[in-house]
Every structure is written in C-alpha cells, then in structure tokens.
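There are two complexes below, and they share subunit A, which is joined by subunit B in the first and by subunit C in the second.
Right after this comes the complex of A and B.
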C-alpha cells in the first residue's frame, strides 16, 4: 500500500494502509498520542477499485483481514470514516480474544459502567459527557470482556458523534480535539472527538464491571430493573462475536449478567440522563 | 513476495525465529488471506515468538478448534438427515480431515460441509436434506439448471437455522470437464468411521485434492489445498506401498498428470525441493501471488489461470454461451 500507519487502541493493534495520503495523515494527526504496535492484530486497507479512481471521482473501498461482501465505498472526503469503519469491521468479524459488546463504557474507582442500546439510544453521547465530568472513558463503541477474568478492557477509539450530538459535545468539551466535519455520510453528519488524555493514558488498565444500563433517548424519564435473563438475551444481540467464541463466550456473558445490576433508563434530555446515571451509580455500584 | 515467505515458514518453522516485526506482520497477513493461519499456528507451536504474534496465533488456533467442533456437528446433522434412508455420506476435504484426526485437519479452516453421495441417490439426498431444514441458496433459474445439468454437485443448500452450507457432490469434477473420474469407484473405496460416516482412503483424499487444485477452478486459495496434500503425504508417505496405491488411484480416475504435478509442487514449496517443469513454475507464481497486506498480486497470471479454469471446465462453445448469459444477467442486474 502506498501510505500506511499503525496504531494501538486498548489491547488491539491496527495497521491501516491507503492508496491516498489524506486518510492516513488524518489518522496520524488524531491518533498522535496513541502507542504503535510492533505487530498489528488486524490490517485495514483503503483502496481504489480501479487505478484511475485514485484521481477521478475518488472513492474509498474498505477491506482488510476480514471483509463484508458488497460494502459500499465512501467518497475520499470521508476517508477517516472509512478507516474507522474498517477498524470496527475487523473487531466485529475477527476479534476472538475478548467478548465484544456493542456498548460504551466509563470507569470510576476501578469499576466500570457499561451502557448498551440501539444506534441512536445515546450511548456514545452519554459516555462522552461522562468523560467531561470526571469519568475515565473506556470506549464509545465496544467494550471488551476478558473471558478469563471477567474484566472490562477499554477500546477508546475516536468518539463518533452524529448529528445533534456534535453540538452538544462541542459545548461540553470546548477544549476537545476534533476531526473534520463529515457531512452526507450514510448516517448523516459525523464528527470524531479525540478521547481526553486520561482515557488514552489509562487505556491498558481494565476495570471490574459494576453496573449495566440500557439508555433510551427521546422518552419521558423512566427507570426499570432489567432481569439477568433479559440482559443476557439483549447482550447476545449486542455482541458480534458471542457465537464465534462458543462456550467461553457463553460463560463470560452468563457470569457478567449474574454479577452486576442492570437498569433500563428512558430520558428526554441529557441533563436528566446524567442525573439518573449518577444516582444509580451511587446506589448500586 | 509474502506468499513465498508463508510457504518457506510452513516448510521450515524455525525460519520464523529470524523474522523481525515487519516480517511477522507480512507473514500473518498473508496466512490470513490464504486461510492458513490456523495451520501456521499449529506449525509454529512451541517455537519462540514475539508476544503479539503468540496472541494472534493462539486466537487462530481457538477459532480453528471452534470451527472443528462446528464442522463435526454439521457432518453429524447430515448423517441424521441421510442415514435413515441408507444413503452413505462420504465426507470430503476439511471435515474429512478433522473427522479422521489427520494432521491436515490441524488448524484447518473449514467453511462448507462437502459430502459425496452416489449419483443415483442424489434426488433422494436432496429431498431428505430439504425435509431436514436445508434450503436452496441460489434462486436464479439459470444457475439452478446449470448446476443440475453440468456440475458435480447440487446447487448449494444452506441450513435455515444454523446458517451453514452443504455441498452435495456426486463426483469430484464438473460433468463438463474433459477428465471424468470414476465416482462409483471412489464411493466403493470409502472407509467407515465409528460414527456412521465415511471418508475416502488417504490416496483418494490426495487424488481429490489434486483434482480440485489442478483440474478445476482458478487456483484461488490453492496454497491451502497444496498444504492439505503435503500433510497427507507426510502422514502416509512413509509407507512404501502408499505411493504405488496413490499412483494406481490417480490412474484409475484419469488424474495421473494432476497428482504428479501436485507432488512436484508440494515437494518444491513444502518439501525437499525437486525439479519443476516450465509450466510448474507458472503454477508456483500463481500460488504465491500475495503481498504482505494479503492482497493478490500478479494480475496477469491470475487472469490467465482464471481463463484456464473456465477452459478446463467446459468446451469452447458452451463456455461462450455461458459467459454471454452471465454477462447479460449481470448487466440486467445493474
């Protein structure tokens, strides 16, 4: 590949190669404080399907060690998004060491708060807001559970904020470092926020899961205890490698849902959500 | 070229101890692309490795182990579907290796379940599988007729609950190919396993692997097929009479040329060397055409083998008609 870079996020090393300079330059700038792996766990390739498409209407195809058939290419202006999607894809399809939960996570006093939900439920935004209020960010997209220890390992990649959440976070983190504003992506407008220095410095330190929340944005404030059985089923759906891990995956998930309390919280706005989170954490974690 | 690096390390695992980080990165990348990373992990077992490589290879072994369990379960499901009707199920390729506990199965990545059944029972087998929860993958009527008329297998079936594919073969090469193996003799040579399933004898496994690698298709993923052959030879070749049996089996199915070439390629890439013909060298170039990112290289050779694959598969007029139909359908789809 013409251009390439390496970066490590939590316990996972990536090598990203590209036919264009720009996506690699953006990655290098935004991930400048992250360590580099010697030998990466996964490779991501951003390439032009035909040689001339490097210049003529350049469109970025995503591939790597693990690929989905027929994923749509992105315009070169969204090269950063392509790289992030490529890395997420390697994790979703190829990760075998950790049980992968599609969840955000934050840590306080060595204990982890995990938040999971459908896209749009607000898990990224809530995790980013908690990061600005003294919590250590574990990650906004994936939390990695070690089947051997039950500990939650962080994966603090760039925080992917969408649409209205971008302005919310710009107010909450005025000092934050940001990637370019990406408009007209398949998911609307996206902008990436670099996790704070603390999240990056402590990314190798796992935390003991202590509370599981299922936030849901856009409803009147409400709260419900979620039984372990329901948590189990919802987390099997929120894990891309639960089936691939087979018995260790089952054991890790069963242990997790039995050992920590879980609540579903509906919230009309972030202020109310943050208040619920702090109250539940003080009461349960 | 990194394909050559992978072959060299598979041949002589101690070479891995001299690799730097960039060398390991390329080795692991190309091993993944060739679906040989599980086999590589087994091959490098017990050698000193950098911690990161250790972790990646341990993951690959765990994935292969899970794949083995799932493959054996699929085989058992096929036995339950076909056994009651008295249809013998002969396992092929990866599933056969792991069911027999062969070294070729160690770390072997296994995708679909490939089985061989007698041709006169193929309709029965199909309806038994449909009853047991498998369904057709390709709804396209042209493809369906093409498979039934010209191929050596049923159109692929997928199980609606387990999402796993089964390829039900009635012989080992397409009916349109110029070489016509004696499928009935292959099935008669089957060896019973204790669980009610069957496999081909070792010489049959090698003949099938050589046919698949060299008389069918475009050599994509061919390095893994050749590694299968090398492992089978390594395991059975000690027996002085084995090579005679292999030669007799190859001759019986009209595959002497392919088996001899497979032996030469295996000796060259994974064994003690040996002489190659000029044509052999082209095969080697095609088999090793990967860079350190796992990307295919040598586009021209790839294209040449792609065309050769089709040429082997069908007579010229039929090929022209087939490609024309495919091109038209492709255009309509877009």
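Right after this comes the complex of A and C.
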C-alpha cells in the first residue's frame, strides 16, 4: 500500500497500510511512544473501493487478515477511527493466543481490576478516570487472559471516548494527548485519548486478576454480588474468541470466575462509581 | 425399553461453580451451563447403562427425592441425548 506503519500494543503487533497519508500520519503521531513489533501479528488495510475514491468523496474501507463482510466505509476524516476499528476487528476475529475479554482493565500493586459491560456502561470512562488517579491502565477495550498462566495482559490502545465522556476526561486529564474530534461517527462523537506514559511503558507487564466489575451507568447507586456462573455466562458473551480457543478457553474462564470476586455496580455519576471501585478494592485487602 | 449412559468420561469436563455446573463437551466443543438434576443424572449414568425407571430410582435414592417426576426426567434425558452428553444404547 502507498502508506504504512507498524505498532505494537501489549503483546500484539500490527501493520496498518493505507491508500491515504493522513490516517497513517495520525497513527504515527498518537502511537509515537509505542514500540515497533518485530513481525506484525495482524495486517489492517484502509483502502478506496475505486481508484478515484481516493480523492472524490474519499471513503475508507477496512480490510485486513480478517474481515467482516458488509462493513460500511467511513469518510476520510474518520480515518483514525477506521484504523482503530480495523485493529479491533483483527483482535476480535483473529486472536488465538489469549482469551480475549471485551473489558477494560486497570492495575494496582500487580493486581488487575477488570470491568466489562455493554457499550455505554462506562467501562472506558472508568478505566480512563482510574488511570488519572494512580492506577495503571491495562486497556479500555480488551483484556487478554493468558490461558497458560491466568494472568491479564494489557492492550492499552488509544482510549476511545464517546460523547459526554470526552468532556469528562478533558477535565480529568488536562495534560492528555488527544486525537482529532471525530463527529457524526456511527457512535456519535468520538475522540481518542493517548494512554499515559506509565501505561505504555509497563504494557508488557501482566497482572493477576483480582476483581471483576459489571458497571452500569445511569441508574441509582446499587451493588450486588454476581455469582460465578453468571460471570461465566456474561464473560463468554463478552469474548469473541471463547469458542475458537476451545478447552483452553474454558479452563481460563472457569479458573478466572472461580478465583476472583465479582460485583455489579449501578451508578448515577462517575464520582459515585469511583468511590464504589475504591471501596470494593480496599475490601479485598 | 431405551437404556442410557453418560458420554465417556474422557469427553466431559464437569466443573461445579455455584448452584450451576459447567460441562465442557470435548466432542462438540460446546459449553453447557446446567442446573440440577443434570450433573446428578450424568453421575448416575457414568459407567453404567440404566433405563428411565432405573435412572429415576437411582436419582431418588441418591438425592432423597420425595416426588420423582418421570416425565420431566424423560424430557431431560431426551435433551441430554440430543446434546451428546448422554448416549442411548
């Protein structure tokens, strides 16, 4: 392809090729502190469906080693989003080394707090806020569980913040480095925040899972213990490669839900959620 | 009269969690999350073939069932046979 770059996020290397310069330039700027992979695990391609569509109403199609048929192209102004979606897609469809959980994660004292939930539940925002309060960010989208060790490996890609969460994080991380404001995306307005230096520097250091939370934003504060069997079912739904990993995935997930406590927390605002997180974490000790 | 036995033990990973039990079926790669009496039934049919009535008696004796339900057990055995966790012989 005309333009390309390589980057490594946690244990996973990507090569991103593009028909246009801009998405690659943006990636290079935002991922400038990330290491290069020796050999990329996955390829992502951003391409124009027809040669003239590089210039005329340029629209970015996403392809790679693994593709979803019928995925809609994005306007060139959202090229960064296309690249991020392409990388996520490779992980979701192609990751076989780790059990992939659609969850955010943060670490403290070598122990990992995992948060999972539907889109809009607040897992990205909470992980990003915790990052500004002394926790190490493992990732806002995927946590990778090593079936051999049970350890949680980070995947600290750019933090994808949507709509109201953008202003919340702009206040919480005034020194943060940001990507462009992407308006009118399929998920509203999106802006990417670069994880802090600590998250990037320590991204190869796994953490032992210690607490699993199911946050749910927009409700009165409430908390309940989630039984292991419910955790298991919800995490299979939150994993795109559970079935593909077969028995090692079963082992990894059964061990995980047995070994750590889990709580569902409803919260009306982030202050309340952060207080719940800190209290539940302190109660582990 | 149908006789039933559990799928070979080597093909099943049975992991009790809380009130529910996980069964990973190696043959199909499918994970089943099951409630009582399925784990008890599979245990009763491990390494032996039983008729429906014998299975009912075995469950009733082992778990102090006051009111064993033959039709419900027949339905469960049908489901488990369909899933491959129990074999009809």
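The working rule: the second predicted complex is superposed on the first by the 284 of 285 C-alpha atoms of A that agree within 3 Å, B and C clash if a C-alpha of one lies under 4 Å from a C-alpha of the other, contacts with A are read in each partner's own complex, and residues count from 1 in each chain.
As a working rule, a contact is a pair of C-beta atoms (placed from the backbone, for glycine too) under 8 Å apart; a residue touches a chain by one contact, two chains touch by 3 or more.
Computed from a prediction, not measured in an experiment: that's the story for all the values here.
Trainee: According to the stated criteria, A:148 is in contact with first (subunit B), second (subunit C), both, or neither; which is it?
Mentor: neither
Trainee: On subunit A, which partner touches more residues: subunit B or subunit C?
Mentor: Counting contacted residues of subunit A, the larger count belongs to B.
Trainee: Would you check which partner chain A:1 touches, where first means subunit B only, second means subunit C only, and both and neither mean what they say?
Mentor: Only subunit B is touched by A:1; subunit C is not.
Trainee: Looking at A:39 after the superposition, I want to know if it touches subunit B, subunit C, both of them or none. Which is it: first, second, both, neither?
Mentor: Only subunit B is touched by A:39; subunit C is not.
Trainee: I'd like to know which partner A:246 touches here: subunit B for first, subunit C for second, both or neither.
Mentor: After superposition on chain A, A:246 lies in contact with both partners, subunit B and subunit C.
Trainee: Check whether A:221 is in contact with subunit B, with subunit C, with both or with neither, and answer first, second, both or neither.
Mentor: neither
Trainee: Name the residues of subunit A shared by its contacts with subunit B and its contacts with subunit C.
Mentor: 246
Trainee: In the complex, go through subunit A and note every residue touching subunit C.
Mentor: On the subunit A side, the touching residues are 227-229, 232-233, 236, 243, 246-247, 250, 254, 257-258.
Trainee: Going by the contact rule set out above, which residues of subunit A touch subunit B in the complex?
Mentor: Per the touch definition, subunit A meets subunit B at residues 1, 13, 15, 17, 37-41, 43, 45, 65, 96-97, 244-246.
Trainee: Give the list of subunit C residues in touch with subunit A in this complex.
Mentor: Per the touch definition, subunit C meets subunit A at residues 13, 15, 17-20, 22, 24, 26, 29, 31, 33.
Trainee: Provide the residue numbers of subunit B that touch subunit A in the complex, in ascending order.
Mentor: Against subunit A, subunit B makes touches at 21, 24-25, 28-29, 32-33, 50, 52-53, 55-56, 59-60, 62-63, 66, 69, 293-295.
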